[in-house]
Structures are given as C-alpha cells and as structure tokens.
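Below, each structure is written out as structure tokens.
The following pair of complexes shares a single chain, subunit A, combined with subunit B in the former and subunit C in the latter.
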Partner chain A sequence: MTQQAVPRQMEGALSVAGRIGGRDRAKYLFIAPAVIWILLITIFPLLYAARTSFYAFRSGRMLRYVGLDNFRRLLEDEALHDDLVRTLIYVAVVVSVEMVLGFSLALLFNRQIRGIGSLRTIMTLPLFASPIALGYLGQTIFYEIDGPMNQLIRSLGGNGIPWLSHPTWAFVAIMIVDIWQWTPFVFLVALAGLQGLPQDVIEAAEVDGASGWQRLFSVTLPLMTPILWLILLLRTIDAFKVVDIVISMTLGGPGRATELYGFYVFRTARRFFNYGEAAAQGFLLLFIVMLLVTLLWQRIRAIYEPER
Partner chain B sequence: MASYVARIQRRPTRLLGDLFVIFMLVIVLIWAVFPLYWGFINSIKFPADVYGSKWIPVLQFEPTLKHWRDLLSQREVQNAVKNSVIISVGAGVVALILGTLAAYALARFRFSHPTNGNLTTWFLSQRVLPPVIFVTPYYLLAREFNLLDSVWALVILNATFNLPFPVIILSQMFREIPREIEEAAEVDGASRLQVFSRIAVPLVAPGLVVSFIIVMAFSWNEYIFAATISLKESIPVPVVIAGAESTRGIDYQLVGVRTTLALLPPAIMALLAQRYIIRGLSLGAVKG
Partner chain C sequence: MADPRIHELYRGLVNGHLTRREFVARASAIGISSTAISLFLRAASVRAQDPTPVPADVAAPQVATPCADDGCLFSGQTVTFLMPNETIQVPLFEVRDEFEAATGAKLDIVLAAMNDTLPKLLEDVANETGTFDASIIGAWWMGELVEGDYLLPLDDFMQDPRFPQWDIETVLPGPRALMQYGGKTYTTAYDHDGQVFYYRRDLLTDDKHRQAFEQEYGYELPVPPQTWDQVIDIARYFNGKDLDGDGQPDSGVTMHLQVGQQAMFHFMTFSAPFVIGPENQKLYWFDPEDMKPLITSPGHVKAINTLIELSKHGPEAMFGWGLTAAWDYFLAGKAAVTFTWGDLGALAQETPERGGKSLVKGRTGTAPCPGTMSYYNIAAGQEVTVDTPNIVGNTTGGSWAPVISKYAKSPEAAYYLCALMATEQKSKTYAARGFDGCDPGRTFHFPPPNGTGSIEDYVKAGWDEQDALEYTDAYFKTFGNPLQFPYLRIPGTFEYWLALDTHLSEAVTGQVDPEEALEQTASDFEEITDRFGRDLQLASYKAALGFE
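Right, the complex of A and B next:
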C-alpha cells in the first residue's frame, strides 16, 4: 500500500498536467472499448453486407459474383418503387401530424398546472410500447365488427370503417398507430425544450405588450428552431425504419397497401432468403437516411456546439 | 405591474382557457393509456364479458387470471420470458459498461483526431442506422460463427444499438460534475481509475439507472434482430407473440394477455425512471 502511494501521487499530478495538454494516454483506455465494439459489431457487418450485395443467392446460399446486378434490380423493381413512394407518403404524413400535434400540445401544457408531472410520466408510456405487441393490439382495436374504434364511431352516429380490409383505411390505421406512439415523443421533447428557454426573454416580450401569437412567432419559435429540427430529424429517420408494426398488424396487406420499404427489405431477406438483393435494398435505405442526416445536421449541430 | 393589470383584464378568457387545458389533459391521458388499458382488461375478462362496453373490473365484470395462468404455464412462453430477461439485463449491463467508459472519456479528456465532437456524433450515429440493413450480414455472420439461436448474440446486438443512450446521458452528466472534486482526489493520490470508479461514477448514479432502464426497455421490445437470430431456444417475447397463431384474428383475450405480457415490463420501467428519460431519447438536445 505505502509503496504504491508515491507513484500514484505523481501520476495524479501528471495527469492533471496531461489533461490540459490533451496528451493523456489513459483517455484511450476509456474510449477504446466502445470504439472497438462498434467497429466490430456495426462497421464490419456493414462492410460484409457491402460484399454480400455483389453476390447472387439462392435459398440462402451464396451462388456467384454478379457485380452490380442487385443494384441494377433496385432500379427495375417496380414493387420496390411503389413501396418507396408509399413510405415517403407515410413518413411525410406521420411526421407532420406528430410534429404539429406534439408541439401544439407542448405549447398548451407549458404552464403551471398541478398534475403536469404525472402527465409527463404517463406520456412516456407509448414510447416504450413494443411495436410488435401494438400491431396485434391494433388488430383488435381496429377490428371492423366490434372493435373499440368502430364502437366509438358508431356511438357518435357514424358508420363503421373497414379499417383493415380497405387499402386506404389500412394505411390510415398503421399511421394512427405510429402517431399514437410517437406524438408523445414530440410533445415531451418540445415541452422540455420550452421549459428550458430563457424565461426573461419571453417575459420581456410580454411586458412590451406582444400578444400571445406575436410572442409565439417572434420569440418562442425562433428559440425552439434547433430543437424542432432535431425532433424532425429523429422522427423522420425512425419513420423510415418502421418494420414491426407492418409485420404484426397488416403483413403489408390488404394487397400491398401497407407495404413499407423496411418491411420489403426484411421480407426479401427473411422470406425469400435473397441476401444479396436484401443487402442492396438495405444500402438504398441507408443512403436515404444518411442524406437526410447530412441535410439536417447543419441545422441542429448548434444544439451540441456549446458542449464541445 | 402592466402584466398584472393585463392578467386581471383577461380573467374571463383565462377561465375558459383553463377549462380547455383541463379538457385536453383528460383527452391526452385517455389517448396515451387507452391501448394498454384495452389490452390489459381483455386479458382479465371471461369470454362472456368481452362484448359490450365493460371497462371497469370488479364493478362491471368479474376479473379472472385464467388467461394469465394458461399463458405462463406454456413452456415456450416461460422460455421466451427467460430469454427476454437475459437479453434486456445483459444488453443493459454491456451497454452501461461500454457507455460509461466512453462517456467519461468524452466528458473529461480532449481528443484531437478525431475531436470529441466527431466522436460524440459518431456514437450518436448508431441511433440513425436502420436495423433492417443488418438483417442480412448478422444472419450470415451468425451462421458462420455458430451464433445462430444464441441469446448472447442478441445481448450483443441490443447493447450495440442502444449504446448512444448511456453515452449521451452520462457524458452530459459527467460534464456537470465540478472538475475540482476530481482534481482534489487526484492530488490526494487517487489513480485515474479510482477517480472514475469511486468519485465520478457514484455521482452519476441516477443517469446510470435511467440509461439501464432505457436500454432494457428497448431491448425487451426489439424484434427484427430477434426474428433473424433466434430459431428455437433463444426466442424472446416479441418473437413468440408474432409466431403464435392465436394472436392473429380477433381472440380478444389471447391478444390481450400476450400483448400485455410484452407491454407491461417496459411500461413499469418507464414509470420508474422519469428523470433524464427525455434527455436520453432526444440525444441530449433538451435537459428533461
């Protein structure tokens, strides 16, 4: 014990000095495990998938090198194009609805009321709900004969809606599930953002006689812009990734009305065992997501900048 | 003073406004809880009570645990619950170990190539990768390395994809610890590792708990990798639900009991950990 005490003391003094210069070796020991882990578990498999995408597969076995054939098929596959367009519509609709609804609710509840804490607590529940379970639950909630959704509509005097048998309504139904699950996310992040705004600026605007709408558009919104862009980015990426709800609620049907792109890729791999094509399709999705991140990153990096 | 007068003058509309807020509060609460409640009450109903609007157990219908007993007595389901627990807890532990170390490095040391900002972005970018693009390589690699049908493969994958949560939550919390506390300990002769493990880590304990819960909850729900890797012995809860014939169609009680089994544990975890959850999910953008 006593033998170690002296070197340790020196190490301590050294490390304080080393830290300022940024020459500290210990820092690599802290960061290396996670970096190596990610290289091994995500970067290496991605490279492996890149190689796979140049091969033809039959019933799960690698057949032969086919060059860019799998990528060429991306351009020719009309079913894939339909699914891509459908996914874009899906993403555009669910993300806009979630943003507008979530932010409006955050503005509405951004005030001193009793019970706001428990509201926030309860609103985290949907975020942690298993999408697979939600899909099956959705089948019963949207059940056309006597599911609670149609019971509610009928009790309000409407006719029941063919939720899962009509192509358009089935598409609406899976969008409702997404909106149910993720509007709370927009709400909670926006509310936390609103509560973190500098209160003196907003109060100053109030004292200066700015109306509620003026305060919203000329003070609150500009201050919230980076956070809203971040929410938009996270929601858009996640909406592109949706697979589970389609699998459990509609399996892409009726017909192909609810076939989203992620589901298409998943099925190419898991149902048809066409790993080469699935890898190529996956890279198209990765490309779209990366494009979005690159486009939006400039707008949100301000959030992380002060930390650096 | 001016705002006080303005407030008095606005009083009638304020009352209406408050009523509207309360009304919306009720709507929003029902909205958030309804699907979970619907699944739950169906799981404790006798078949005769399924139809008609019966919403309150005991008062409107007699609850039963029959479906729960039936479900939990199936060997397949017991095994799935066991696997899900191993996967969630295992992924939580692994993500927390890797994440805490990395978070401390990002918060306390300065890196130049790549910079701390680059590294943080790189860690966060794991959150962006669509899992479905990994279905092919993970299946083929697992087949090659004899990791098909292994719960440990699923532990590893879930830990990896949820790593951004501990990294972002904890690196922000480490930064909030006053540097002087650690420097004082170093001057007193504590080693780098001792400062980290005896001083810094205990100070971020709440962040550790929340990170652990977030990783556990999302690992519990994960389906795509589970469906890719698990064949028989390693099947977790979401896959067993998706595979069950009885979940398809409209057998309300069976759907209710199976989905509730999947939905309940993460819901309880969400209720337990409130602080920092929003900070973690928003990748540190807000201090919720």
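Right, the complex of A and C next:
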C-alpha cells in the first residue's frame, strides 16, 4: 500500500475530530443542553415564522403558498406605514424623556440623605408592575369625566383635558404611561452606574475648583456615556415592541391615533388570524430594530474600543 | 394501582368540598410527595375557580334528574368548555353540579378573556387538537368556524330523546337565523342580542319638559321617538340640562364609540333604516354579483352624518368609551337616551341596594330603535320616501351561544350540557334575571300578547314592572320585524367590521370627513376581500345572507 501525504486542510479536520472524540467530548456534552435550548426557543420559532410568512391563511389554516406576497403587501399597506411613523415618533419621544428624567433622578438620588433607601424603592415600583395593569390604571387616571388627572387640573382652575377621546391627547396619554413605567428602569441602571464611578476623579475635579455643572458635564457625563448608550439601546428595543399599554388604554384609537406597530402586528395575528402577514410584519420590525441596534452597538463599541 | 385515598382527596378538591389548604394537609398526611400535590393542584386549578354566586331567589330551576351507576349516560367522560370570562359564564357555572349529577360526566370550565376566546378555539380546531369540546361564540364567528369545517351540526342531536329537549322554533326568526348556517343548526339557544332604544321615561313624560320641547321644536315630544331625527332633537334639548339633580349639566345621549369597543354595532343599528327598507331588504354590505362594497351609498353617507350630528349632544368623553363606561353614564342618570343591548335594561334594575349602580330603575323606557322617513334603495339607485317611519329590526351583537367542536372528545356529553341550558325552564330564568348577559329572544320570554311568558318572572327577578313590559315589548318587535338588518357572517367578518369601526371613530373625532371615512372603509373592504379570495368570499356571502 502506498502511503499518501495527508493534505494540510484535512489535517485540521482530523485534529478537530480527534479532540471531539477524545477528552473534549465532555465539553460538548456540557454545552449541548444550551445549544438545544437555543435551537428550540430561538431558531425553531424563527424558521417556523419564516415559513409562515410565505403562506396565506383562511379560517386559521394555511390556505396556500403565496411566495413574497405578504412582504410585498408590507410595501403597499399605508396603514402599516402610518403606524411605523407613529411608532418612530413614540419611541423617540418616550425614550428621550425617560433618559433625561431617569438620569436626572439618578443624579438627585445619588447622595446620602435621610430615607434615601425607601425613596429609591418607591421610585422603582412602577417597574415591577405589569404594563397592562399600568395601562388600565392609566385609563382610570385619565378618565375624562371625573378621573384624578382632570380633577387635579380642574382644582387648579383649568379645564379638563380630553385625554382618551382626542387623537393628540390620547397619544400623549399612552406616552405618559410608558414614561411612568420605564423611567425607573433608566433611573435604576443610571444610579448603579453613578455609584460605580471612580470617586477620586470627581473629587479631583472638585479640588481643582470645578463647579457642579462643570463636574456633571466634564466628568460625570463622559464617564457615564457607555452606560447611557447601553440604557438607550435597551429602551429603544423595548419601546418598539409596546403593545400592552395600547391594548389596555385606547385599543389604537380614537381612529388610529394611537395605533402602534406592535399593536398592528398583534391584531393582524390574534384578531384577524392572518398569521402569514403578521409574520412578515414581525420580520420587518425585527429588521428595523436590528438596524438600530447595530448602529447603537457600533457607537458603544467605538467608546469601549476607541483604538479600533 | 394508585392509593384510592388519593382519588377521594382529588375528588374533594375538584368538587370544592376541600379547600386547597385542606387538600395539601391531608395529602401530606398520607404521604403524597410535594411534586404530586403540586400537580394535583395545578390540574384542579380550572375547576377550583369560583363562579359568580347566583342569589337563591333568581337561581335557575333544576331540570335534569340525577343518574345512578349504570344509568349515567356519560360516566367517565369529561367536557372541557371554553368560556369568555364575562357575566355570560354564570349559567355554565350554575349548571355544573346538575349536569355532572345527571350524566356522570365531569365539566371543566376554561375561562379566557373575551377577545382571546376565539383565537384559542380557532387554534384548537385548526390544529385538530380537540382540547375544547364546546365553547361560546359570537355569531360573527360562525363564518370562520363553519367554513373551516370546525363545528358539529346539532340537528341530529336535537332529535335524540336522550338529551334535554328544547325547541328551536321558540326562538324568534331574527335570532334563530343566527343559530343556523347553510341550512344546519350549529348553536343551542342561549343569548339573543339586538340593540334597542332606551330613554328616561320620567324626563320624556315630564310636562315641564314636554312644553318646553314643543315650544322649541314646534312638535309634541314623541314618547318613544319614531325617527332618528326626533332622537337628535330630544338629545339636543336635554343636552346640558341637569338630569340627575346634582346641579351639574348632563348629556342628551351616551354611546360607546371607542375604537375596538363595538362602536360599529352602533353604526349598523343606526344606519339600517337609512339603507334597508321594504324595497331593499338585503343590500347593505356588498354587491352579490362581484363583492364590491356598498358602504359608500348615499344612504350610508346620510346615516354617518346623522350619527355624527347625534354624537354632538353627548359627552366628548364617549369617543373614548367602551360599553361599561357608556352604560354606567346612563345608569347614573346622566343621559336622556341611548341605544344598545338588552344588558342595559337589566342593569337598570340593579340598584345600589341590590349591589348594582343604577339610579334609573322604574324610569327606564325601552322601544325598538327608531327609523327614518326615507331610505336609499341601493338596487334601484334612488331615495325612497315612506309615509310611516321605516323601522328595521336588528340582531346586531354577539348573540352568544354554545357550539360543539368537530374535534370534541365528548361531543354527546357536550351537547347534553348545551341542551340543558337551552331548556325552557332555565332559559326563562336566564332572560329574566338579565345580569348573566343572556338577553330574551324566545316566545316564552315575552308576556302576552307577544308570547307565552309571564311578566311575573321579571318582577320576581327584581324588575320594575313597567320597565319590564316596555323592555320585552321592544325586543319582541325588534326581533319580530320582517325587515331585519343583514348580519354579516362570512370569514373575515371581524376584520371588515374593525375597518368600519376604525374609520367611524376617525369620522366622529373629526380626523376625516364622514364621506372619506366610508370611502376608506370601502377601500379596506376591497383589500380584505382580495386577500381572502374574492370568489370564496362571494360564495360565503351569498350563502350566509341567502342571496341564492
């Protein structure tokens, strides 16, 4: 038998096979459950949704293969485009307000004053309520006839506001509830970040005679920037998916004034049973959010790894 | 073999004879592991839900005789019933013990939010899982479910003497049509929906108001009003006046106009006499030739403009109101008129002393929804003027009724249960007490001369006699009217309706012109029809509305 030279590429493959067959087998066995889990809860639904998006449905059953029709409809559906724009406005407003408010509160609470622990706990309470419960609470608070908000406004001499019956005010109302729920998240993470800042740098700035504003803008904010970007990233992803508040407060109305993208997808799937189109709509949202995440993530990496 | 003590304990838990705490204590004592206890508790959780207790004086009578051993028809079987978590569940919980004692079968009730009931049922039947034997559905789901071949026709069961007997002929023609599809019966009788007109009898018959009204509008205040134009005048007259004596201005009308909260039903009821009439009894939704929408007809346009005019005489807040908020406003005495389902008439009898919130018991008049003095005949393309008001009956709403899944594991036992709730004795009680959401629609629900029922049933259930007389008469006339609003029951009905609902909301809140709202609705209708398949939709439409 003629001995033949083993090609270099095959050497590598044999080496991997040998490792798998040898002492590294345990390593693969240990990670197998995690891999299977990920395949089950991520890859399978993703593939199933992809398959679904190529079908038309009728009476809850797959009717026929329609190719890219469901995706084509995304381009033609004016209601969906309106909802997308409305959602972008919603995300931009609520995330901006939450960032500013949450960070400001974190600065305020980042000091030793009496009862600070209890105050911090109270501050974070809305975070632990379910969004749908807060939505229903919001509906009560913004009830126009004699809800607490309008009672307060009237007691101050103003007229009641048509919170839920006027298109613009209804949009404002759902944003207020979102801000109410998620500002504590920004507050909590920003506070943790503030407490982890190197105190010597801040003290050095103080010794150098920097004023409070100078310390904030020249020391604290630059040090907090990576954390703030991370919070922004997380909140942006989450705000795009909002459904519960809309369902519990306005059901997208008056008209379509508070109809957000997530609600539109939910309704397409769960009220109209048009799972194919809903899957396609879901992929569009996924694409948009991934695009934003990629941009934000690049920004964060640039901060962490400036040499690259 | 399992320890028989375990079975005994489990039975005690699911039958409600043992509390969860007692179950845990006793199960631990006989050495059942904590894992097993947890599994038992989880399995029993559905059963352990407490029903809304029914006061003894309005409890439905026992109809079925308890069985014994071999005489039990369905021993060992379980009926799993998917039920909306609303007051409509009350009869089901109430009948459970009687059903189990009479058949030997077990009844598991799975509660779901109203809006989640159909998705759950549809997923179950579309996947042929058969988790649920039966469920309660709104009539507009019939197209989806029958066309999907998901339901069992009940005609054979109805002839079978083994089951409790009920007569479909006792259901008035309007609601009876909703129980059938393609010539077969798919639901047993339960709730019968239709919208009627409610008014504050004390206000409309008050001499002071009558004189002032006549002076202002030049004609005698009609009680009840016969046309929507009269209703607008009445609403305009009372709007801004103090109607409940609290010194604050109140409203002429209250409606539920929040999008997604069934405002489209308001439009359907309201617009019916603008489009439907003796010369056009069916053309309202689509052209039966090509499925082109008819919703932009001059009759529809006139109707939406008139509805918007009426809405100006109610609180602005009602554009964001669902059913409960709109009803509560009327029950608090803050509106002169409204039009909605039978629930309001029953709720008006529930005073604070009876645990309700009505301040208008004995003052709530009911009448069939008013009509018009002209309508637009779509087929002829012309306006038709009439000498007497053109009043159209309606069955708008859900007419919630039980259906049996084609994939039911215990279909006969499920039918026994549904038929038991449809028996005359029980149905009379359900309709009279009203708080369970089961509205009247059968001959024995109506006192003479309209039917064979008794007003005493209503009075015993807590009704004011005059309120009950007007209420039952209004329903009899609404369901018995030969002119009926054509109820849409084709696949995608809810999607069509939500399009109408959304654009209606845009119109009443001034976001778009009324004509534009209807044009956008028509455009959405076209898109939905094309997506579902025009030919398929056309065939369903013709079958469902009897165009063939």
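The criterion applied here is as follows: the second predicted complex is superposed on the first by the 267 of 308 C-alpha atoms of A that agree within 3 Å, B and C clash if a C-alpha of one lies under 4 Å from a C-alpha of the other, contacts with A are read in each partner's own complex, and residues count from 1 in each chain.
The rule is short, and it goes like this: contacts are C-beta pairs under 8 Å (C-beta built on N, C-alpha and C of every residue); 3 or more make two chains touch, one makes a residue touch a chain.
This structure is a prediction, so every number in the text was calculated from the model and none was measured.
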{"item": "Which of subunit B and subunit C A:Leu216 touches, first, second, both or neither", "value": "neither"}
{"item": "Which superposed partner A:Arg61 touches (first subunit B, second subunit C, both, neither)", "value": "second"}
{"item": "Which of subunit B and subunit C A:Leu296 touches, first, second, both or neither", "value": "neither"}
{"item": "Subunit B versus subunit C as contact partner of A:Ile153, first or second or both or neither", "value": "neither"}
{"item": "First, second, both or neither for A:Phe272, with subunit B first and subunit C second", "value": "second"}
{"item": "Residue contacts on subunit A - larger count, subunit B or subunit C", "value": "B"}
{"item": "Partner chain(s) touched by A:Val207 [first = subunit B, second = subunit C, both, neither]", "value": "first"}
{"item": "Subunit C-contacting residues of subunit A that also contact subunit B", "value": "143, 145, 270"}
{"item": "Subunit A residues touching subunit B - in the complex, by the definition given at the top", "value": "5, 8-9, 11-13, 15-16, 19, 22, 24, 26-27, 30-31, 33-35, 37-38, 41-42, 45-46, 48-49, 52, 105, 108-109, 111, 113, 115, 117, 119-134, 136-141, 143, 145-148, 151, 180, 184-185, 188-189, 191-193, 196, 203, 206-207, 209, 226-227, 230-231, 234, 237, 240-241, 243-244, 247-248, 262, 265-266, 269-270, 275, 278-279, 282-283, 285-286, 289-290, 293, 300, 303-304, 307-308"}
{"item": "Sites on subunit A touched by subunit C in the complex", "value": "56, 58-61, 63, 143-145, 162-167, 170, 250-257, 267, 270-274, 277"}
{"item": "Parts of subunit C lying in touch with subunit A, wherever the complex brings them together", "value": "115-116, 119, 122-123, 125-126, 144-145, 147-148, 150, 258-261, 315-321, 325, 329, 491-492, 494-495, 498, 502-503, 505-506, 508-509, 511-512, 531-533, 536"}
{"item": "Subunit A-touching residues of subunit B, taken from the complex the two chains share", "value": "2-3, 21, 24-25, 28-29, 31-36, 38-39, 42, 51, 53, 97-99, 101-102, 104-106, 108-112, 115-117, 119-123, 125-141, 156-157, 160, 163, 167, 172, 175, 183, 185-192, 196, 217-218, 220-221, 223-224, 227-228, 237-238, 241-242, 247-250, 252, 255-256, 258-260, 262-263, 266-267, 269-271, 274, 277-279, 281-288"}
